[in-house]
Amino acid sequence: MSQPILSARNLYKDYGDTCVLERLNVDIYPGEFITVVGASGCGKSTFLKLILGTEQASRGELLMDNQPIIHEPDEQRGIVFQRYSVFPHLSALDNVMLADELSHSRLLGKCFGKHRQQILKRASDMLAKVGLSHALNRYPHELSGGMQQRLAIAQALMKKPRVLLLDEPFGALDPGIRADMHKLIHELWHQQQLTIFMVTHDIAEGFKLGSRLWVFDKVRHDPQAPERFGAQITYDLSLSQSSTLKQSELATIQQTIHQGEPSNE
Amino acid sequence: MTRLINRKPDRASRLLLGLLPFIIIVALYLITSQSRLAINPHDKLLPSFESIYHAIYQMAFVPSRRTGHYLLWNDTLSSLKLLFMGVGISALVGLIVGIINGAIPLFRAPLSPLFTAFSLIPPMAILPILFIVFGLGDLAKVMLIVIGVAPLLVRDMQLKTLSLPQEQLIKAQTLGASSWQIILRVMLPQVLPRLIEAVRLTLGSAWLFLIAAEAIAATSGLGYRIFLVRRYLDMAVILPYVVWITFLAFLMDWILKRISLRAFPWYASLNGSSNT
Amino acid sequence: KPTFNIAWSIYAGWMPWEYAQQSGILKKWADKYNIKINLTQVNDYIESINQYTAGKFAGCVMTNMDALTIPAASGIDSSAIIVGDYSDGNDGIVLKGKKSLRDIKGQRVNLVSLSVSEYLLARALQFQGLSEKDVTLVNTSDSDIVSSFQSPDVTAAVTWNPMLNVIKSQPGAHEVFSSHMIPGEILDLMVVKTNILKKHPELGKALTGAWYETMKVMHSDSKQGIAARTAMAKASGTDLANYDQQLKTTHMFYTAQEALKETTSPRLKETMSLIARFSYDHGLLGDGAPSAGYIGIQTPAGVYGDKGNIKFRFDPTFMNLAASGKL
Amino acid sequence: MTRLINRKPDRASRLLLGLLPFIIIVALYLITSQSRLAINPHDKLLPSFESIYHAIYQMAFVPSRRTGHYLLWNDTLSSLKLLFMGVGISALVGLIVGIINGAIPLFRAPLSPLFTAFSLIPPMAILPILFIVFGLGDLAKVMLIVIGVAPLLVRDMQLKTLSLPQEQLIKAQTLGASSWQIILRVMLPQVLPRLIEAVRLTLGSAWLFLIAAEAIAATSGLGYRIFLVRRYLDMAVILPYVVWITFLAFLMDWILKRISLRAFPWYASLNGSSNT
Amino acid sequence: MSQPILSARNLYKDYGDTCVLERLNVDIYPGEFITVVGASGCGKSTFLKLILGTEQASRGELLMDNQPIIHEPDEQRGIVFQRYSVFPHLSALDNVMLADELSHSRLLGKCFGKHRQQILKRASDMLAKVGLSHALNRYPHELSGGMQQRLAIAQALMKKPRVLLLDEPFGALDPGIRADMHKLIHELWHQQQLTIFMVTHDIAEGFKLGSRLWVFDKVRHDPQAPERFGAQITYDLSLSQSSTLKQSELATIQQTIHQGEPSNE
């Protein structure tokens, strides 16, 4: 197997006295599609932020290509959030063109003339890939939720990121549109040979999309001080072998995820 | 028997109802004015409509004997010039400092408390200091507006910049944007419509400061005229001037709203408050 | 008990009113005539006259010029019952860096427009054979004239005390003209509405009685006199030395006799005609005024202007009573 | 080489940086003051710290010989009284008229245009009229504040009431609420925290109007004192008064913010703007 | 069969020139659970608003108990929206108590003393039924989306409405929580013998929950003026017989619903 693109070594993350993530040791290899499930508030987004560089590990290290990861978002790591991922003041085309414009014009962040034409071409192609050819000049608020997420993905892919991070990207979408998006992201994963790390609340989605599924959960509990221990990766399933998963295990996972939802307390 | 909150007047009655209070006010004025004038025909407090009309005619369409100017237009021009300069400079300061404060924590740390303190100082109280520092010319008046308005705009722009979703800034960074590029292409365009909105909200204060400054030292201007003719209680001039200022204020507000809707079509839909 | 509201504002020659109130002299005289007098201090001089004109006050202190241009021009028949003083250097023209009045030509002059300051300037320019066209007037509020004089672009100002003293003491400032050169033209009066006075002459008696008793106290250099002047100084926001200096340029009529002499002299009528003409030229008598004499001014020496439209009267009745000790 | 926008000073350096501009201002003052005083020891423009201290001591801790009052406290009390009355009345008017306007279309139709027009009139321009109508007592000052502030509050409350989700009103009706009950139990409590916010925003204007009014007619008050000593250019009194007013303004803002957070815990989470 | 509780007779609804609903003729009987699916913008919410009384028919009539329906929301028709259904300034308990407080105190809309105790008891019971006993004193913003919708249902049920209207009540919820809610609403339907009218985007939800499923769709199309014709009820399925539904029909319905979603244009 190739070199891991990301590896966590004894990784801890605390916020003050609260331990969120505890002693993570794990490798991610190029081309994997990792889906992450877990109870609400167990630290999934936190782990994603560590990869992104907006948060730093409290102890241990997170390596990218065996180098300490850069503590700031950069072009190697693309991201799509559940919301606010596109720029409301730019049309769909401008949103997608932005990345190239920024790299070609360090001063103005805006290109003109021939350069612009080239970038425009690339951006239109990308928008065509995500099925937005008919909405090039619309503003995000004129797009439906599903179209906005397509746009966000197209925008992120323009930079050819080594890792694409998705934090519940389809959480706000209706079931029908969600199914379309699943198809799209799966196609793009194959076509562009991406490494994808996706957080989701929907375990079915996790199984359906991923090549590998993680479950985050607390192993140790201190009833007096629930914030004392952090979450770990309790299941790490390679989904090609998922058929061997026992029914009882599946039920456990299902339960794990839902225990964070307060309505079931 | 529908509930009161569900009973909606139609367009025509809404218009009529809207005019009603103004008609009542005018009628009340006429009655009290006439009864006062019946007692003392020289009464200047509530002049008759004829004297008001005469005063307007004198101010607007007859050149002044002393200077040869049409006083109303001359006053309006000179006030608007100062107002635009003051508000323009404030907007520029507010935009630049506000975005920098909002974007860069190392600037925010020293500048934010400073501007918060500034925004709390009542500008009228430091008028003497202003006159000493900036003289008595137009500069002092413009500066009064700037000092009164700019700190508010700075704070507003800073808040708006800070309230941009963190996700957007992260996204921009993953697209390779530098700090400067983020300011220029992500923050600036999104903060601009809010600037117009904030300017609209502070326009009232700007007028206030301008009138106060003109009352204190000036040779022309709408506020100057009002406080000058106050010396002989010439309400026939003061009243139309107040109405005229109110109309100008309304017009400016309306124009700014139009501009914002035109230039930033994406903004109105994001933010219901733009039709304030 | 009939109650009367009287307004006053801060000025060297009017501070005795404050003392009369503080010391109880006013109340004593009001009680004597079985009336009640409320004395209200108004920070802004013009506002006090406006209020008087609008009908909120029965009486108000003001200069002869303002009495003509504001209440009288608004059709309020007013009587000056006490002539308290005339400005004898209390109003002045100050130039920065220039020593002669001639140098004022072409300058921007800061003053309260349409006030006695402008009258003083007009008179000064007359002496020099100049006219108001030779200068640019900048209307400047009296309370800000001092601070504005600090700025380099202000080079000329016309104002009155206490501001005048502060400005004069600035380095490089020279007083080039003052009311000392036009004695008796700027009079400070207690003005009461004529119709009220007719109905309640006891108001005039009480005010006049209180005024001249206060005058007596303040004029002496006894301990009591100094205490009185110290109180007046404090109330006007300064100290005794400064206040005494202001009094030096205020020609107070400490006795009713002195005041009467001024009031009954034919010069008063001439002064008032000057002022009426000045006011007419500046449109202060209203747009409807066909001539300077449109408003009749009654003085003991005769009426100036329209006898059928007398709105401003110098009424020596009460000063007479005071002089003859009949109050 | 982290980006500028990502470099965040820690608590301690943030505090230091925050103090920095104030220290610079004080230092600059000291230097220019001393150099001026070296030339003219009687210079009143930039008094030394000793004279300022002396003036503060005189104003705050020595009873006035004339009246036996401690002037600073007396002025503060009298100003605050008027301010509270003015702002209080404005808030009440704003709340009641604003909710009624927002809730009942039949009232909104005539009242909304009226208050919009009112809110555009610059109160300084009608100051002379106000004094004539309301006299020179406290009433005129309170009214100036009310006229300047209440129309803004009315409009704000009206907008807030109108912006309540239609769904809530429908829901309340399906629960059997009458118009009055909807106003009382659905609209009023949800609009109250916004009222506090709006009052905070207009407090600056209220101070402005108060100071302007006190300058014209008063016998005590912070604005009165500043205008009184202005004639003598007594900066040793003016400067501490300005700082004191600024501090009071800050304090009031802070207290209102606290009250809102305490009394309406649900509001802050709904509306990010409450930590303005 | 009993009398219909609601009946539409030749019902039309236009907005200006746009015809939204066209010639509806349909009866709803007490105790039915009607689920409504249809493309976005086809007029589902509009029909619900007609029942609610916030909109009025342009032509034809809508009858409740054979009487013209009251043109204003009232206590007979409860409603739960996708959002904004609970009052953010009231705790969960106060939200549920509100209905009784309003009817007991016409003037203040607030009860004290013994009255209050009674109402409090009823409200707590109702909250227990929807599984919110542990969150009585929390404010809505302290509740998760699912809990807020439970609260909204509890609030609406306090009035014992004759018809309960639900407009995509679970549209904003995660799949796991959604399943819980399905269970809850089904239970309440049985227990309280409600008549329920529910709009949804999720066809599976429609089939799973309802006793009768409607599909709204335009039958006639005018390519020049798409706003000319309104939607009608194209399928009206009694779900006890749904097993007889042909596979091809199901596919048609599925497609109908999705044609409104702009991302598939």
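Letters A, B, C, D and E mark the chains in the order given here, with residues in each chain numbered from 1 onward.
The rule is simple: a contact is a pair of C-beta atoms (placed from the backbone, for glycine too) under 8 Å apart; a residue touches a chain by one contact, two chains touch by 3 or more.
If you want to know which protein each chain is, UniProt gives these names: A, E = NitT/TauT family transport system ATP-binding protein; B, D = NitT/TauT family transport system permease protein.
Bear in mind the structure is a predicted one, so any value in this text is a computation, not a measurement.
Trainee: Give the chain pair, either B-C or B-E, that is connected by more C-beta contacts.
Mentor: More contacting C-beta pairs are found at B-C.
Trainee: From the C-alpha centre of chain B to that of chain C, how far is it in Å?
Mentor: 38
Trainee: Mind checking the centre-to-centre distance between chain B and chain D? Centres are C-alpha means, answer in whole Å.
Mentor: Distance between chain centres: 18 Å.
Trainee: With centres defined as the mean C-alpha position, give me the chain A-chain D separation in Å.
Mentor: 47
Trainee: Based only on mean CA positions, could you tell me how far chain C sits from chain E in angstrom?
Mentor: 81
Trainee: Among all residues of chain B, which ones touch two or more of the remaining chains?
Mentor: 3, 45, 128-129, 132, 173, 178, 215, 227, 230, 233
Trainee: Give me the residue numbers in chain C that touch at least two other chains, ranges are fine.
Mentor: 50, 54, 144, 146-147, 150, in rising order.
Trainee: Mind pulling the chain A residues that touch 2 or more other chains?
Mentor: Residues 72 of chain A touch two or more partner chains.
Trainee: Identify every two-chain combination in which the chains touch.
Mentor: Per the contact definition above, the touching pairs are A-B, A-D, A-E, B-C, B-D, B-E, C-D, D-E.
Trainee: Going by the contact rule set out above, which residues of chain A touch chain E in the complex?
Mentor: 40, 131, 134-135, 143-144, 146-147, 150, 171-172, 174-177, 180, 201-204, 254, 257-258, 261-265
Trainee: Sort out for me which residues of chain E touch chain B in the complex.
Mentor: Answer in residue numbers: 71-72.
Trainee: Sort out for me which residues of chain B touch chain E in the complex.
Mentor: Contact set of chain B toward chain E: 2-3, 6.
Trainee: Which residues of chain D touch chain B in the complex?
Mentor: Contact set of chain D toward chain B: 3-5, 7-9, 13-14, 17-18, 20-22, 45, 103-106, 109-114, 117, 119-126, 128-129, 132, 152, 159, 163, 169, 173, 178-179, 182-183, 204-205, 207-208, 211-212, 215, 222-223, 226, 230, 233, 235, 238, 241-242, 245-246, 249-250, 253, 272-273, 276.
Trainee: What does chain D use to touch chain C in their complex?
Mentor: Chain D reaches chain C through residues 40, 42, 45, 64-66, 128, 131-132, 135-136, 214-219, 224, 227-234.
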